[in-house]
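Chain naming follows the written order as A, B, C, D, E and F, and within any one chain the residues start at number 1.
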Amino acid sequence: MLHTVNKSPFQANALLSCLRVVKKGSAILLIEDGVYGALVGTKATPTIQEAMKNSKVYALAPDLEARGIQDNVLKGVKTIDYGGFVDLVAEYDTVQAWL
Amino acid sequence: MKFSIMISEGPYTHQASDSAYLFTKAALEKGHEIFRVFFYHDGVNNGTRLTTPPQDDRNIVNRWSELAQAHKLDLVVCVAAAQRRGIVDPEEAKRNSKDADNIAPGFHISGLGQLIEAGIQADRLVVFGD
Amino acid sequence: MSDEMMEDEGTIKKFGYVNRKAPYGTVYALESLEVVLIGAAFDQDVSVIFMDDGVYQLKKGQDTKASGMKNFSPTYRALEGYDVEKLYVEKESMDIRGLSTDDLIVPVEVKSSEEIMQIMEDQDIILSF
Amino acid sequence: MKFSIMISEGPYTHQASDSAYLFTKAALEKGHEIFRVFFYHDGVNNGTRLTTPPQDDRNIVNRWSELAQAHKLDLVVCVAAAQRRGIVDPEEAKRNSKDADNIAPGFHISGLGQLIEAGIQADRLVVFGD
Amino acid sequence: MLHTVNKSPFQANALLSCLRVVKKGSAILLIEDGVYGALVGTKATPTIQEAMKNSKVYALAPDLEARGIQDNVLKGVKTIDYGGFVDLVAEYDTVQAWL
Amino acid sequence: MSDEMMEDEGTIKKFGYVNRKAPYGTVYALESLEVVLIGAAFDQDVSVIFMDDGVYQLKKGQDTKASGMKNFSPTYRALEGYDVEKLYVEKESMDIRGLSTDDLIVPVEVKSSEEIMQIMEDQDIILSF
């Protein structure tokens, strides 16, 4: 299952709620303001590090670049473009959007 | 593979419509089929032809209209959500005694059943919202 | 009737509705309920999940007179009549808010986060609100 | 006392317009003056006459129009925000070559300067948004 | 100064951000989904209790009633109607909306 | 010119803009900036506060090519030309996000939460985004 998170971890609870019900082997894709969750050296960094123990974590590169944070991405978070987003949707059976 | 898309927010205010558009375009480029794009909640506001965005910015509505024409996309605006928000096609205008309509080319208004059908017919349904 | 319509009728998919937002502050709860009601006519296998502030949608005693909005909470009681019977609330969301099933307008099954995870995984299609 | 109101969200989707309406009504009932109600961001979507909400629900747009008429309220829709979202009066329609307009009675489209002026002229400015 | 908070404390950071910069003697008015912050027996109760040490805390009754939570309001939180909201705006010099 | 217009010209108020939202995910940051620019023509005493995710509006290196949106971040650099010079960021918001003033596209004053509180209190009018 693929989970998309589009909210900043500093502003909303979406990422935390997502992590409560993510199954081992699932994928989490950070998009839009959700990409702020993918960074090193922030208060939210431990959250995503914890998530990476059980799930693959991706972040959408165009959204990182728009926000000027593409160079601050945590090691192990894979950055992908929209083509990669499409591939993830095809790869996993269902998608849950944590709006 | 067959995808359906649901868009829950209007143009510009939230990035949802941008994300959905770029996803849809990428999916088409990869040879996937887009069964339907369903506009719900404020998403219906993507379907008005009356926008005039700044010239140095993208034109979200026109982009959808053009993509629909190029790929015969089925862009469905939910009628119930559209009535709450004032998105109207000529038929709806007549039915509700409105003196104007504002639906953009390539969009059409239909019922919520189209969203369920989009879920049934497609292999994947992806939601973009707020 | 076209072949596609026939095929359509034969398909039964698991439809999961995930409701995470409070009622009234935004319209998502109301418009999600409208989808569930319409969807019921399609004879799919429907599960409705309430978590986070979504559990507040089912709170008893909603009275919108003074705020001028439409009270749609009685409609949740009608779901049973549409054979929408799998209503799940996440236990952690309830606990954080100090809610018990006695506070809710309809009977629901309380599920752990782990169980909600499995219910989500079991769906073919998820509509998120 | 003189109040100005800014509304940042459209009708139904967020409660902002409801809250602002009930606040404005209460302020008028208490004898305060409403200098201006300024619709910004998605708030401009409150100013379309094309909505047809369910009959058992409140009609947010009409409510504003009626309050404006009863109390000579100045309901200003921001032109820049309106252009992005497709809220158009006859003049704007002409200027941007649109074949329809959708502005509701009592609302008028004007510039952002009206918001600043609302802040300068009023004793209080209250923002309702998301 | 009057602070309005219209977000649920479980979903967004608005109330917490507000509390960081509220001056002693200010007023906080919970409206819309913000009224969920006014309740007893929730995980957010200690937050609003802390706030009440320095500020007057109000909650909008029509919004509490709509959500069916008018009987669960924390003692010391004053419930008011729209007329009371208007009075607060008149009483305090400025209003900051924590959107 | 009417008396009211005259009076209007003479009034100088303290206008505070409070920006708490990230850019691009929503339009509030962009449309807030548009108000600040228009407002500059009115010769008021303007302060712009960035806190919470609002501090991200000023992040260097924004590049919207791949996302197709309009990059409005260079406009913050134009504010000085409009005599909008009081730009404040809250220290706690910066710290939580691991940001320093070197990361920002314009010079700003870093203020403690206490100081931000006082700046807010000093305003006559607050526009919140």
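Everything that follows uses one rule, which is that a residue touches a chain if its C-beta (ideal position, glycine included) is under 8 Å from a C-beta of that chain, and two chains touch if they have at least 3 such contacts.
Just so it is clear, the structure is predicted and the values come from calculations on it, not from any experiment.
When the C-beta contacts at D-F and at A-F are tallied, the pair with the greater total is A-F. Simply put, subunit B must spin 180° to overlay its Cα atoms on subunit D, rounded in steps of 5.
Taking each chain's centre as the mean of its CA atoms, E is the chain most distant from subunit B.
Seen from the Cα centre of subunit C, the chain whose own Cα centre is farthest off is F.
In this assembly, the C-alpha centroid of subunit C lies 29 Å from the C-alpha centroid of subunit E.
A straight line joining the Cα centres of subunit E and subunit F is 26 Å long.
Spacing of subunit C relative to subunit F, judged by their CA centroids, is 40 angstrom. The geometric centre of subunit B is 38 Å away from that of subunit E, both derived from CA atoms. Under the contact definition stated at the top, the residues of subunit C that touch 2 or more other chains are 21, 24-27, 52, 67, 69, 124-126, 128-129. Shared interface positions of subunit D, i.e. residues touching 2 or more other chains, are given as 8, 12-13, 15, 22, 41, 54, 80, 84, 125, 127, 129-130.
In subunit E, the residues that reach two or more other chains under the touch definition are 6, 10-11, 13, 32-33, 62-63, 81, 94-95, 97, 99.
The complete set of chain-chain contacts reads A-B, A-C, A-E, A-F, B-C, B-D, B-F, C-D, C-E, D-E, D-F, E-F. Across the interface of their complex, subunit C is touched by residues 1, 13, 17, 20-23, 93-99 of subunit A. Interface residues of subunit B, counted against subunit F in their complex, comprise 12-15, 18, 21-22, 54, 56-58, 130. Against subunit E, the residues of subunit F that register as touching in their complex are 18, 20-21, 28, 51-52, 90, 92, 113-114, 116-118, 120-121, 123-126, 128-129. Interface of subunit B with subunit A (complex): residues 1, 3, 8, 15-16, 19, 22-23, 25-27, 29-30, 32, 124-130. Of all residues in subunit B, those touching subunit D in their complex are 10-13, 41-42, 45, 48-54, 61, 80, 83-88, 92-93, 96, 98, 100-102.
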